[in-house]
Amino acid sequence: PPCAASAGMDDGFLMEVCVDSVESAVNAERGGAGRIELCAGLVEGGTTPSMGLLQVVKQCVRVPVFVMIRPRGGDFLYSDREVEVMKADIRLAKLHGADGLVFGALTEDGRIDTELCTALLAVCRPLPVTFHRAFDMVHDPQVALETLISLGFERVLTSGCDSSALEGLSLIKKLAEQAKGRIVVVPGGGITERNLQRILEGSSASEFHCSARSARDSGMKFRNPNVAMGASFSAPEYSVKVADVAKVRTLNAIAKNIL
Amino acid sequence: PPCAASAGMDDGFLMEVCVDSVESAVNAERGGAGRIELCAGLVEGGTTPSMGLLQVVKQCVRVPVFVMIRPRGGDFLYSDREVEVMKADIRLAKLHGADGLVFGALTEDGRIDTELCTALLAVCRPLPVTFHRAFDMVHDPQVALETLISLGFERVLTSGCDSSALEGLSLIKKLAEQAKGRIVVVPGGGITERNLQRILEGSSASEFHCSARSARDSGMKFRNPNVAMGASFSAPEYSVKVADVAKVRTLNAIAKNIL
Amino acid sequence: PPCAASAGMDDGFLMEVCVDSVESAVNAERGGAGRIELCAGLVEGGTTPSMGLLQVVKQCVRVPVFVMIRPRGGDFLYSDREVEVMKADIRLAKLHGADGLVFGALTEDGRIDTELCTALLAVCRPLPVTFHRAFDMVHDPQVALETLISLGFERVLTSGCDSSALEGLSLIKKLAEQAKGRIVVVPGGGITERNLQRILEGSSASEFHCSARSARDSGMKFRNPNVAMGASFSAPEYSVKVADVAKVRTLNAIAKNIL
Amino acid sequence: PPCAASAGMDDGFLMEVCVDSVESAVNAERGGAGRIELCAGLVEGGTTPSMGLLQVVKQCVRVPVFVMIRPRGGDFLYSDREVEVMKADIRLAKLHGADGLVFGALTEDGRIDTELCTALLAVCRPLPVTFHRAFDMVHDPQVALETLISLGFERVLTSGCDSSALEGLSLIKKLAEQAKGRIVVVPGGGITERNLQRILEGSSASEFHCSARSARDSGMKFRNPNVAMGASFSAPEYSVKVADVAKVRTLNAIAKNIL
């Protein structure tokens, strides 16, 4: 079967790799990812990808592709117009082969926006839905987890409300224990070959989320150092970050030994 | 007529505002923009927007909406897979109401990639197409301009191969003179209320491109300072940049006085 | 006695706070720091402070002040002229009351530069000297540690050759065990109230290094948003980072409970 | 005479190069700079350099060296303790051979802090003093200029209260006309080989300020990509920016042709 090599649940764990290019998606699958989270703009933490990217990625990989629905970087407090954009993008993503969706929505006081989540979940169904790492921005994570469970989210991505999954490990563990299988708590945020073992052992998680990227120099031989397309420190024009097959494989192997 | 207030060609000039949200698109039109360039991720200089964003923007504004086709930040040297994504996105953008398209493609030695441009233009037609500010990364701008004209691009966006339109003003003027109306040379890059007059007077341009944004604080009352979604300096979680009606109006008024 | 409240070795542990202002130095002492590491430019990871800063800090705090000797940001491969600057700064720092010094020097292949360290140590003596977190850039940390011991450094600051002390914790522990008291291995890099306990328990360290800062808005009422003094994303003009008494106290209390 | 090659007032104009290393200072003089502005931390816009740096620079160059007195990045509203540091640094800089000083001080409402300037000027005398580009942060530049003249500053560095000297050129010209030789208005901020001619012609300035740097790759062969010393986007560990003799020469030649 095509996915035999991938880190499916047969091995007892599942590696999700977030990607923002076809190349990264292909590398992720090749390295053993069991699921793709498809985004644009990882420099901003991931936003809604183009449907052209979804179409081509679906032609190139066989593992499930979950599509990020986030209309912009920044916070998770959305205007009515942004909600309209999100609903339209969910419908289009389903139409173009999404296997699942990922979004987050908060109220201004740091709670899960249940009303908006209910409305968006209705558009997403019957596909599985992951609550975004927006979760790390909530006021009370234990309460928020119960809200997500009652809303019916299949998964929640979290770094334990801290700057990385390793930093927030004790909260991730608490959340996983609290969840008791009612929702899959997926650790993510700064996972590397050097900390994955500790994160899996410390959280008892059966799934994890990473980007496994390395920087690659641009192929351009002629370069104009005087021009930048975006904000000066954010995105070097002549360097591309791509998911790295070797990194994905290493992470996969580490997880296999533990789980 | 709905567009009466906009900076259409009736006034002798046209202001294009690049936006990455519905709010910015609406503000741009309200402030007098004659055309919208629709993007995602302006922090990276603009990438392909989601089709949901295009759908909702088309419902909210009446001025023409040109859609950015750029599958990622960084350089303009594309792999075959990226080209497939770009073609798919062009088709989808046309399907969802795009009034024009914007892309750029270079060879590794800094020339216009004529083969790829020809292929992409074929998918774009009959819509008008603007060559992206990728132009500022070419080795020989005068030669590149002739290439774009022979390929049939309607417009080229440029900051004169320098860090901003003001910095590159003398080259912009030269290019406009060389073009002799065969292609519209659109100055863009760092245009503000303070430099627009000089740029218009110095380039004799009849169209210009700007974002006219100001930063707005997030509406979130509860904030977690320990967590960032993306790269640390690139995109503050609690600040949103939006096109500003007043700024758009001011730029519009300055241009009216000159052109 | 004035230092009674400070986290001296009487409590079995010592907290070092790196500061780049008098206010931070005073706050650090007030919060219980047992030692100050005095720097300029913490945004670059700390460089040689001005002697005026050292003079005033020495008038305001009673805990020992160790002075950073690092002539610029970036790597730790120094030219002959930079070495002359470092030697001159060591002499001046001793003259103006430094209680210890901090520097790092590597060879291009990632080893400790023994020749240069020997020469600089000679200028520093009889003061105690800490080897800088440049240590995290070495090729073989175990070999490098033996080199530092044989050179006679009193301390080495390290995040375990990883992005933070928590990430590099297992290596920090290994190094501390290898050191067997021949040099003090001081964990530092990203230490917060949320991870200090784990770092101390996981490393068995008796000293640790942190900045304990929080951002404070500028006191300026009139602001010019169009001007930035430095690189655009690096140092917001209207926000100042200062060591926070409360943070220092919390870290101090956590350490006291463990050590 | 040693300064024969430098861009002294004999040629009718003077190029000041801001540097933060001995290498840059030497390169600046070699390229024809008539004066050095000595700083640390140019990534933050320049802060007070170490006295060791001043000592060595004074041994290596013959052109006048003006010393930056700025105790930190950020705004120009100083606490009493910061003022003590500044005074101490001024005294030390004079002691170690400074040929002039550079500082700026504002009130919270964006006026020149006359009381503090008077006090600091008293410590600086008899050396010449330049008011820092803090000037670009004032509320009313015309009023502020008169204040500086009445206080007795010899020079003021300005980008015309805009993001670069080219952007603020019309205000620079106005200020120079208003000054009528009572103070030297020195344009600075983003000056390049490509815009110097316009800035000199547009401002009628007889002095200008630039850094003329290019990035140089680190000499380190072994590199640890997992560790950064400072804030992630601010200061690449393996790249050094240094004043470039060729750039300094080119700027010098451009100025000579005009002035």
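Note that the chains are named A, B, C and D in the order they appear, and that numbering of residues resets to 1 at the start of each chain.
By our rule, a residue touches a chain if its C-beta (ideal position, glycine included) is under 8 Å from a C-beta of that chain, and two chains touch if they have at least 3 such contacts.
Note that this is a predicted model, so its numbers are computed, not measured.
For the pair chain A and chain B, the fraction of shared interface numbers is greater than half, so the two copies use mostly the same residues to meet. Relative to chain D, the chain whose mean Cα position lies farthest away is A.
The distance from the centre of chain B to the centre of chain D, each centre being the mean of the chain's C-alpha atoms, comes to 36 Å.
Between the Cα centres of chain A and chain B there is a gap of 29 Å. One inter-chain figure worth recording: chain B and chain C are separated by 46 Å, centre to centre, where each centre is the mean of the chain's CA atoms.
Residue numbers of chain C whose C-beta contacts span two or more other chains: 162, 192, 194, 226, 231, 233-234. Remark: chain D residues 162, 166-167, 192, 194-195, 231-234 touch chain B in the complex.
Those residues of chain D that touch chain C in the complex are listed here as 20-23, 26, 40-53, 55-56, 60, 71-75, 77, 79, 81-82, 84-92, 106, 108-110, 133, 136-139, 159, 161-163, 218-224, 226-231, 233-240.
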